[in-house]
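Working notes, structure below.
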Amino acid sequence: MRELIIGGARSGKSALAERRASEGGRQVVYLATAQALDGEMARRIAHHRQRRSADWGLVEEPIDLAGALRRHAAPGVCLLVDCLTLWLSNLLFAGAAARQVEAGASVDCPLLAGATAALIETLPQLPGQIILVSNEVGWGGVPMAALARLFADEQGRLNQRVAAVCDRVTLVVAGLPLTLR
Amino acid sequence: MRELIIGGARSGKSALAERRASEGGRQVVYLATAQALDGEMARRIAHHRQRRSADWGLVEEPIDLAGALRRHAAPGVCLLVDCLTLWLSNLLFAGAAARQVEAGASVDCPLLAGATAALIETLPQLPGQIILVSNEVGWGGVPMAALARLFADEQGRLNQRVAAVCDRVTLVVAGLPLTLR
Amino acid sequence: MRELIIGGARSGKSALAERRASEGGRQVVYLATAQALDGEMARRIAHHRQRRSADWGLVEEPIDLAGALRRHAAPGVCLLVDCLTLWLSNLLFAGAAARQVEAGASVDCPLLAGATAALIETLPQLPGQIILVSNEVGWGGVPMAALARLFADEQGRLNQRVAAVCDRVTLVVAGLPLTLR
């Protein structure tokens, strides 16, 4: 059972994912992709941490998501990945893509391409329950900055590809779920 | 009967709200939160005004929304609040929050926190029909400006909290309603 | 049979439109509104071209969309217009509107008004199948730039008006269709 939960900023998607994880009856392992690189990010991470149940496991993996999923997935486990958007951001900034785009060059991001391909290949093979949280970011018009356009394109493509290998896809709006599949 | 109508810019949410208000059979009172601070805002207000029925009442309240709702709600009245997004903007700029964020400080907005708590507490107690219009603003990626990030966060939280105390929640896309609850 | 397919950037709306066109059993004519004004646009156009069937017709028309639709619509033809967002952008930049707004003046765009009115009048009269692709751009908050605000307003209005004369309206999210009408 694989589920993708998507929505805009503060749409309630993480809270829905956590509710679904709690209700699934499995041991929940929270797979965090966030890196506390500044004070604002640290506050957002702390906000999420406060809300989580104390008996949940925690794995932190900013880059090798497919590897972390393979290592921790098990029949009795629910892996909650929060979120694919920060993971995408980590991949773009860890590799050369962000710097290339800012310098006006065309984009080539083998790290991103490889990590995404590994995720899409890995997901259907995993035992247990997998819940993935991701942002919708392409509904605000074409951004002025080339890097923001690249990010919106990659996020849109990633959401499409992950949705295609999930059993259930849910859009969250104002805290309310809308089933897309 | 409380309804939240949400959507993007020019999605047709105000027109839907006005239609629902007209069809409800009650005396309609339009509760405007807009302030005509510049020419563009004045044009937008005039555009809304032209469309409204001449026999509707009008109340203007940029800040104390809970107070205005309590004063004007009645069994035979439909209060149409347009919109929560401008109200949120008024609260952020009337208080110190916007200036704090622009100066790089962390955010503390007692005016916003108090006004929001009052609204959420007041809504379930009101007689008659209440229709609230609000924008979805968090679907365009993470804004570059700290103030825009704060606004998207607060708007998302507000929409979730108001939706939680409404009987009906409708998302409007290209003028077409999609029932979320 | 007229269908409007809308969604955010990289939501899969063009792919869905192409699938629907292929399945319709008619001769497909792709009506492209894009102009390859820079390298990034040229790459996006090439990406779309690769995916299309070789036996589809191609018409390129950046401005006079109603005229092109009238000339090419026929009972045995499916016209696939991709997309209304680039067309709107062409109209705003070909006329004086974009320059007026950037100079701080109020907006008056007779080219846009005339072309939009012609489209809305023409659509219900066309034989055969028409599929129109358009972007949702107003879900990311109020843009800082006046031109971006104008664009979001005009795009929102256009989507509402086109939706009102279509038999079917589909929102695409993460590659998955959501029927609005």
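A few comments on the model shown:
The chains carry the letters A, B and C, assigned in the order they are written, with residues numbered from 1 in each.
Convention: contacts are C-beta pairs under 8 Å (C-beta built on N, C-alpha and C of every residue); 3 or more make two chains touch, one makes a residue touch a chain.
Note that this is a predicted model, so its numbers are computed, not measured.
Taking shared numbers over all numbers used, the chain B to chain C interface scores under half, which places it in the different class.
Taking only C-alpha atoms, you rotate chain A by 120 degrees to land it on chain C; that is to the nearest 5. Computed from the mean C-alpha positions, the centre of chain B lies at a distance of 31 Å from the centre of chain C.
Within chain B, residues 8, 136-141, 152, 155, 178 each touch two or more of the remaining chains. Only residues 8-12, 39-40, 43, 135-141, 143, 145, 148, 151-152, 155, 173-176, 178 of chain A touch chain B when the two sit together in their complex. Chain C contributes residues 4, 6, 8, 106, 136-142, 144, 146, 149, 152-153, 155-157, 159-160, 162-164, 169, 171, 178, 180-181 to its touches with chain B in the complex.
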